[in-house]
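Two complexes are shown next, each including chain A; its partner changes from chain B in the first to chain C in the second.
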Partner chain A sequence: MAKITFIEHDGTPHCIEVADGTSLMQGAVSHNVPGIEADCGGAMTCGTCLVSIPPEWLEKAGRRSDEEAQMLQFLGCAADNVRLSCQLIASPDLDGLCVHVPESQG
Partner chain B sequence: MSDLTIPPELFAPVWNPASYKHREAVEDIFTTLRRDYPLAKVEVPGYDPHWVVTKYKDVREVSRLDEIFHSGDVSKTPVSKMAEQMLKDYSGGQPHIFRTLVHMDKPDHTEYRNVLKDIFMPQSIATLESSVRETVRGYIDRMAQKTECDFADEFAMLYPLEVICNLIGLPKEHHAIMLRLTQWFLSYADPDLCRPGSKLDDPEHQVRTWQIVYDEIKAYYDPVIADRQAHPRQDVASLIANGKINGKPMDERGMISYFVIASTAGHDTTAATMGNTMWILARNPELLARMKADPKLIPGFVEESIRISTPPMAFIRSATQDYELSGRQIRKGDRLYVSYLSANKDEEVFDDPFAFKPDRTPNRHIGFSYGSHICLGQHLARLEMRVLWEELIPRLESLEMAGEGKWQESEFVCGPKSVPIRYTMK
Partner chain C sequence: MNLEIPETPRRIVVVGGGHGGGAVVGFLRQYGFAGTITLIGEEPVAPYHRPPLSKAWLKGDVTVDGLALKPGPFYSEQNVELRLCVRVESIDPAARCVALATGERLPYDELILATGAYPRTLPLPGAGHHNVMTLRNLADAEKLRGALGPGKRLAIIGGGYVGLECAATARALGAEVVVIEKAPRLLERVASVPISAFLQRYHERHGVGFALAANIEAIEGTDRAEAVRLADGRRFPCDALLIGVGAAPAIALAAAAGIACNDGITVDDDCRTSVPHVFALGDVAKRPHPLYQRALRLESVPSSMEQAKRVAAVITGREPAHAEVPWFWSDQYDLKLQIAGLPFDADELVVRGDPEADKFAVFHLRDGRVVTVEAISAPPEFFAGKKLIASGKVLTAAQLADLAVPLTELIA
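Up next, the complex of A and B:
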């Protein structure tokens, strides 16, 4: 179980618990976190579950797969700390992580 | 507290293909349902009872929870109990003749989707832009040689057909075969588009037509499959023909069905949206003037056209367990008629929902559905529509209807079959 805080682009925080092994996107959608649209349900084809994570958490969050990197490049999200939340899997390592939802998903 | 049971006489036209020639009347039924029966059951004589899911929030929830609300356990479209029994007889126990992505659940759905996933990723589709643009310019140049045309029949039904057939790897002279089979399949009840000889008043004709479509698609694709297995090329046909499911070759029904969905859903829906959008433009000179003045609105125009048109109007799901949805107790085994057409007009989500607003923000429509079954071809459809309007709108100097448009008579995938227009072009 990891406690994850999603911060909307207007600053509203949403603190939720995400079960180990499930994606942050799944957690956000089941808790109705605004801005995590996740149209494709985690198939990595829509790019509507973007979050940015603080640089100090990058290593714990794990590396992007080639597919995720290609999708992010296509979306014009070059920054290292932007991720698809469907590809971030909850574990005790991510407990306390705080992510930002971009304005484009407001 | 709104009512739990929808009067069958209010709902029955929704399942009657002939109702759709008066599209507004069907939209009115859903407006009433959203207001008075937002999530309620209906028992239409001859059919199993169904929950009718009309609200945007509920449609998203059901679509997202794909392990609770299965896609493959009952017919995807409303068929009578008698027709469903026939489907089972034909298919050896399945409630469908076809076994496409639409009819599958996890884990098969993921495995089958992965066969074409990469080629339909947005970054792959983006590489097609110049060739799609070249294709649409050909149609626009031919349109410019005249001053009147039937935009549905002469343009919308042909251009996305050409794009998808090229992508599949079919020669141009075979594109018309795919159009004919698509219309037999998806417009089985329209008197102008249905299979000749099929009896519209025979309750068995729908099932029989689908079986014939399956057989004809199989007859067409069997040699294509053999060719691509022997000599793979860079095309969708080669990906399907050599596709592996759990490391093994696809079974016959899965493979033929994959070709069915690629060759039909891959163009018919886009054609429906384009035809309807032209119909809207031709009746709305202010909208055309606005779009000519501000081409940056085109991506929003495309999204709004999809929301307004919503060509695949509904799918049926069934519950694998008890679930409480918006205060209603859904029971294991219950069927749900999930209406994207209604959800995309939900007044609580879309302000003035029947108005066409290219600058609608946000526009989180679910015209491509939502969740793991979201349209595989959504990025291709968007590309085809964006380049169409980018190329056509600047060249249109005047535009009006040249007669009455006509909707298809179809309760499943629906768009206009005729959009006669008169125009002047640069």
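Up next, the complex of A and C:
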């Protein structure tokens, strides 16, 4: 289990618990966190589940796959700390992570 | 001076527990709607993702729980009353209430119709046999899955997205597949020639047979479909027959209540129908698209999501988001298709990348501006194309086709 805080673009925080092995996107959808739309339900086609994570968490979050990197290249911004939340899988390592949700997705 | 105090709705009823219905209840709560919400669906399951029914779910890669749009506890946590397994039989707009099949009447302040579409079938004798199927919901998908397996012969009528996705999945499950299509090429109404030619080759390489420009004469068999016979005498024996010839909007409920319909429920930019306090969204809604000066009925998840956000914003008095470039996706085998924009009046087609490498994009231009991008396993081209459609930047075909010109430069 990991406690994750999603911060909306206007600063509103949503602190939720995400079960190990499920994606941060699934956690956000379960708790109706605004801004994580996830049209494709995690099939990695929509790019509407973007979050940015603090640089110091990058290593723990794991590297993005080539496929994810390809998706992100022209989506939102190419910065290293932008991720598809459907590809971030909760584990005790991510406990305490705080992610930012962009103003608009896609 | 208008002294009327705008009435804050307290009771919202949503008819149709599909993608649009499931999404709009979530957005209403996100946008602060605090009144009661009742979501009524005739299917026995809570709203789920339909796209995997022809893809990952059919193949066995996803469980039913994995299909759910929101996990089980969501509705009670969000204080949404979910009524499953029950049909809404009629709407009384004057009394502002709906009648359920149980005889119960539910009052509403605002009503949202998200009744979706149902699969079209064919007016052929034999189309009613038990092994002739269509695919729209989980029950259909369960039936189809039961008919697939090594050595099973599946004939598919219709070379559209659903038919082709099922062909790919059926091949992965070891079935023999033939796709029978009336038009001279696949995806005739929805994809360009380079894309349909590429997909046909790709499917053929995976062992799918095709009969194009086919004129179906009969479904043979007395108590089950045994073969599809064409007018030219060709005959395709089958163990199961899938009809994938598109979907028709589920308008009957609305039409009976006097709500204007014309190939869908007619709505305005804000998804309002012709009757006050009744909205419609998703596959059933025909709406003037802000980016194209015409009314469109788009059958896609992104379009349902966009309309769901719009309705929730209108009801809660929130500024609606900008219009989005319409887009769609499909998965077949290991290919990822992503399509954005609608190719109205395009005057030039440009291929970027090499179809032989199973990775390329087709850009449709009008007056030098990208209006559509169709990408095969090329997400950077897709997202860059989507940006170009939104920005309207003028480009030449040569620039777009030249892989030496990076996408970053093209969108800059």
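Here is the rule we use: the second predicted complex is superposed on the first by the 103 of 106 C-alpha atoms of A that agree within 3 Å, B and C clash if a C-alpha of one lies under 4 Å from a C-alpha of the other, contacts with A are read in each partner's own complex, and residues count from 1 in each chain.
Convention: a residue touches a chain if its C-beta (ideal position, glycine included) is under 8 Å from a C-beta of that chain, and two chains touch if they have at least 3 such contacts.
Since we're looking at a predicted model, the values are computed, not measured.
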Fit or clash - chain C, chain B, common chain A: clash
Partner chain in contact with A:34 - chain B first, chain C second, else both or neither: second
Partner chain(s) touched by A:46 [first = chain B, second = chain C, both, neither]: both
Contacts of A:55 with chain B and chain C, given as first, second, both or neither: neither
Greater residue coverage of chain A in the superposed arrangement, chain B or chain C: C
Which superposed partner A:104 touches (first chain B, second chain C, both, neither): second
Which superposed partner A:92 touches (first chain B, second chain C, both, neither): neither
Touched partner set for A:13, first chain B, second chain C, both or neither: neither
Footprint overlap on chain A, where chain B in one structure and chain C in the other make contact: 29, 37, 39-41, 43, 45-47, 67, 70-71, 73-75, 106
Parts of chain A lying in touch with chain C, wherever the complex brings them together: 26, 29-32, 34, 37, 39-41, 43-48, 67, 70-71, 73-75, 104, 106
Of chain B, residues touching chain A in the complex: 64, 66, 110, 113, 117, 120-123, 126, 362, 364, 368, 370-374, 376, 378-379
Touching residues on chain A, where the partner in the complex is chain B: 29, 37, 39-43, 45-47, 67, 70-71, 73-75, 106
Residues on chain C engaged by chain A in the complex (per definition of touch): 26, 29-30, 49, 51-52, 55-56, 67, 69-71, 73-74, 77-78, 301-302, 305, 321-322, 324, 329, 331, 336, 338, 379-380, 383-384, 386-387, 407, 411
